[in-house]
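Shared between the two complexes below is chain A, which pairs with chain B and chain C, respectively.
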Partner chain A sequence: MNIIGVFNEETQLVDALHELKEQKVSIDEVYTPYPVHHVFELLERKTSFTWWAFAYGFMAVVLVLSFLYYTSVIDWPLNFGGKPSSAFPSFIVITIILTIFSITILSLFTFSVMAVLYPGKKAVMPDERATDDKFVVVLRGQGQEAETARLGDILRTHGAAEVYEK
Partner chain B sequence: MDKQFQLSNRLKTACIVLIVIGLIALAYGFFTSTQQTWANILLNNYYFVSLSIGAAFFLALQYITQSGWSAMFKRVPEAMNFYLPAGALLMLLLYFGMHHLYHWSHHDAAAHDALIRHKAPYLNTPFFYIRLVVFFALWIWMSLTLRKLSLREDTEGGLALFEKSELYSKIYIFIIAITFSLASFDWIMSIDVHWYSTLFALKNFVTAFYHGTAVIVLIAILLHQQGHYPGLNKSHLLDFSRYLFMLSIVWGYFFFAQFMLIWYSNIPEETIYFYRQWHGGYKVIFYVNVVANWFIPFILLLARRMDQNIQVVKWVSILLVFGFWIDLYTQIFPGTVISPRFGFIEIGSFLGFAGLFTLITAWALSRAPLIPRNHPYLEESLQHHVES
Partner chain C sequence: MYKTSIRGPLVLGDKTFGQISSDIITPIDSKLPAWWKVAFLISLIAAAWGVWAMYITVRYGIGTWNVNNSVGWGWEIINFVWWIGIGHAGTAFSIFLLILRQRWRTSINRAAEAMTVFAVGCAAIYPAIHMGRVWLAFFIIPYPNTRGPLWVNFNSPLFWDFIAISAYLLISASFWYFGMVPDFATIRDRATSKIKKAVYGFFAFGWTGSSKQWLKYEALSFVLGGIAAVLVVSVHSIVSTDFASSVIPGWHATLFPPYFVVGAIFSGFAMVMTLMIIIRKLYKFHDYVTDSHLNAIAKILIFISLIMGTAYATEVFMAWYSGNPYEMFTFFHNRITGDYTFHFWAMVVCNAIIPQLFWFKKIRRNLTWAFIISLIINLGMWYERFNIIVTSLSKDYLPSSWTTYHPTWVEIGIYVGTLGIFTAGVLLFFKYIPMIAISEVKGVLKYGKENRNHSH
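The block that comes next holds the complex of A and B.
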């Protein structure tokens, strides 16, 4: 059983999250209609996503440049108006394009794996009103009456419109 | 909230010493190699006029986009604009050195050269100065208008003045787009009178914006380290370095686009520009230019943690101050002095102009409260906070 708090205002939500964090309550998940900066900070979610994107980009640059070098210098050198076969400046444009392409596609797959998303997956949505105008906090229930009541009180004192268990 | 910026005697003395060094360097230069000295005057004056125009564009952009985060710092670009009148006077001085810089300004140049004759109706000495005066008149007039509105806002407040500033900013960026393009054609591209590049104006405009922003960032950080701008936090730094990061990519893009098209099409009248740089002894500087203005800022500002490190942003800005000089050096020196020269004249004249620019900017900063009083977005700027 999770404890679900529904807020009408962003400020109330942020206040409640501050209080919960002070009391060392672990917050399971927060659903908001739009991104809220404070929530990212308060949840302290760390992501390695940017490093993956950088790694893909770096890999793509190396691979594309070596592919171009192999095709136009080693395997099949052609004479274009007396230019050197290893025409580095003319490699750059295609390298940029293919790097962006690789980062985009590979990041999409990485994101899907990290977020466990796949075609046909059912949406995880404790309270559907989070897609309208409500801010929803999900707390892991402890199974104890007293604890549940205490967490519910914290949420209510900061202006939760509804608190229920699910 | 803030303390008024005072133009201290120490700073004033330092600036005057720098200006004196500059004057000595120029005097020494006129006696030893006149042409090189004129090239230096053009380079340095164009450098600081570019910074002013970049700052003006930055300021106008903040009004047009109604950016909240930067409202606190708008006195810095305003102060940098005060260099424009001095820049105008120094640019007019070029009249005495034109023949050393511009081949087309010689009386007999048009007679023997069909291309110069073709360009003569536009590229002639009287029209050159008419344009110069018109450009500076427009820039000074628009900058003064924005400054006056900004000072009136301090005492009167209200939204009407902000909306007026926004309207003038919209007009100003159109003026800059046209006049600064033509100015860079006139002052820099006409050095190589037979050569032309359609990307030249854009590249020089981006350079002005890029390095103008770098100097704004540098001044803001230096003031912060002196105890002004106590509200400057990591979110402001992140936004500043995003500007630098974005502009480093745009600069690299235009630099490369101009180079690659000329290199690839391989038409002699175009490649002469880079041939002179590569085979005239400028090849090392050509690469230093790319590394200093694109590669190092790009790599250093890639990670967010570096973006928010005040020392990294400060030293990237300082690097860009030198990077801009190198960029202009590769544009001006191959066409005028031909073989690369670097010595007391270059260092001294740059220091002199830098002293003048610092003196004018510091004086302008001390004339008004450092943090504007009634800017509608001021509170947003003071409270600026983005996730980190």
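The block that comes next holds the complex of A and C.
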């Protein structure tokens, strides 16, 4: 059984999280109607997403330039008014566009995998009101009544409108 | 994050988070109003005319258009560039303000992005049907094939255009869609009907609003925003290169890329203003789309209008200063005076002079005037494209092939059809999608109303 604390305000939630962290309580997850950066900091949430996007971009630049060199210089060189086939400056624009194209597709796929989101997926969440107007914190239950009561008290002291077990 | 008190509250009234959801979801839950049905019917009739015109084009070929010697490009490229321009500002608006951390974007970005997706979709129709044999459009896709094997010309701005517009459509649609996922989840979790719960639940992708999801969601927004900002600049620069890399008088100018990018953002911002005034009026979103929002757009329009005026003056000056007789003829005898005088001056008056009325606070604050001026700018931007394309082509280097261009009913039909498709798309957006980003507005609800040190 987890302990669920429901708050009406972001400030109350953030204050409660500070207190829980000070008391070394393990916070399982926090659900909010909009992104709250204090929550990311307090829960020490980090993501490698942007690094993946950079890696895709780097990979795309190398692959696109190699592809352009292969098609325009090795496989099918064309003579445009005597200009050289290996015309690097004229490869730049298309490289930028194809790189952006590749980053977009691969980032969307990575986001879907990392955030585990896909069409038709059933939402599993402790309290449905978290997508509307409530800030919900989930604490892992210890199975001991005294501990549950203590955590409940911390949440209520900082303004939790509801505290329940689920 | 540093907060300024200059802008004031972004959401008016003493609203709760729940109220914000209710207000924005109300049009989705309510019955269709009569005006919506009438407008949708008119849009469908216009779209049907467009489909008929496209059928005629594909069935009998582009000989059904009045493009001929020497006007090889006519209404189709004019309207293509016009739609792309409108499509530009949606993403420009949303993305530039996102990466610059401008929070006043939140009430407007959703509609601006919707506008982008529909406008770019309309624009994409033109290159395809302009090929004549539309069923061979796949020839442009670079893959080793049985025709050689033969590769497309990777050095051609027209090929860049194809890839750039495809990428732009993909990134704009993705940015728009993923922005809506948390809002679809809100609708899903508030819905009482099983069908609505299932439909919006499907599109909500299992969104829960957990901190892990929000973190990745923000990272995705900034990655897409960052790369799309580059695309906004590059797409219209490429469109301009289609012209500038030619040797046609009036086109062969290094001014073209910035001139086109700024022009695109100008027309798009004007269309954003048109749309936001309609949304605010019809759906009574005064507390979300505030006077301050429209005031900010009007001020941006003044600034861009000045740049447009400078660009027009620069083009004329360069034609004179270069001493090139063909450039001189195009600008002084086929634009400022001559057969296309009306189109040139319509462009100057609509884009460089009338928007200057926004210097007056009374006009900026008067929504009727703001609405009319936003429509005039879009008309002016259409004339700009007509001016660039037709005047330069109609009287080329060989006087025996000079001609005066008029569109046929088929060309007009395709344009009206795209207007119908665009309007129908926007109306469907009004009805089925939250017009304002619910989760983002909740994030700025307290902005300008308190002095606490928290930010999110």
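What we mean here is this: the second predicted complex is superposed on the first by the 166 of 166 C-alpha atoms of A that agree within 3 Å, B and C clash if a C-alpha of one lies under 4 Å from a C-alpha of the other, contacts with A are read in each partner's own complex, and residues count from 1 in each chain.
Simple rule for what comes next: contacts are C-beta pairs under 8 Å (C-beta built on N, C-alpha and C of every residue); 3 or more make two chains touch, one makes a residue touch a chain.
Since the structure is predicted, the reported quantities are computational estimates derived from the model, not experimental observations.
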item: Which of chain B and chain C A:G120 touches, first, second, both or neither; value: second
item: Which of chain B and chain C A:V93 touches, first, second, both or neither; value: both
item: First, second, both or neither for A:E41, with chain B first and chain C second; value: first
item: Touching partner for A:E22 - first (chain B), second (chain C), both, neither; value: neither
item: Partner chain(s) touched by A:D133 [first = chain B, second = chain C, both, neither]; value: second
item: First (chain B), second (chain C), both or neither touched by A:E145; value: neither
item: Partner, of chain C and chain B, that touches more residues belonging to chain A; value: C
item: Touching partner for A:G81 - first (chain B), second (chain C), both, neither; value: first
item: Chain B versus chain C as contact partner of A:P33, first or second or both or neither; value: second
item: Contact residues of chain A, present in both the chain B and the chain C interface; value: 37-38, 40, 50, 90, 93
item: Contact set on chain A toward chain C in their complex; value: 10-11, 14, 29-40, 43, 45-47, 49-50, 53, 57, 68, 71-72, 75-76, 78, 80, 87, 90-91, 93-94, 96-98, 100-101, 103-105, 107-108, 111-112, 114-125, 128-133
item: Partner chain A, residues of chain B touching it in the complex; value: 256, 259-260, 263-264, 266, 302, 304, 385-388
item: Complex contacts: residues of chain C adjacent to chain A; value: 16-18, 21, 142, 148-151, 153-155, 157, 159-160, 163-164, 166-167, 170-171, 174, 178, 181-182, 185-186, 188-190, 201-220, 222-224, 227-228, 230-231, 234, 238, 241, 439-440, 442-443, 452, 454-456
item: Chain A - residues contacting chain B, complex; value: 37-38, 40-41, 50, 54, 81, 83, 89-90, 92-93
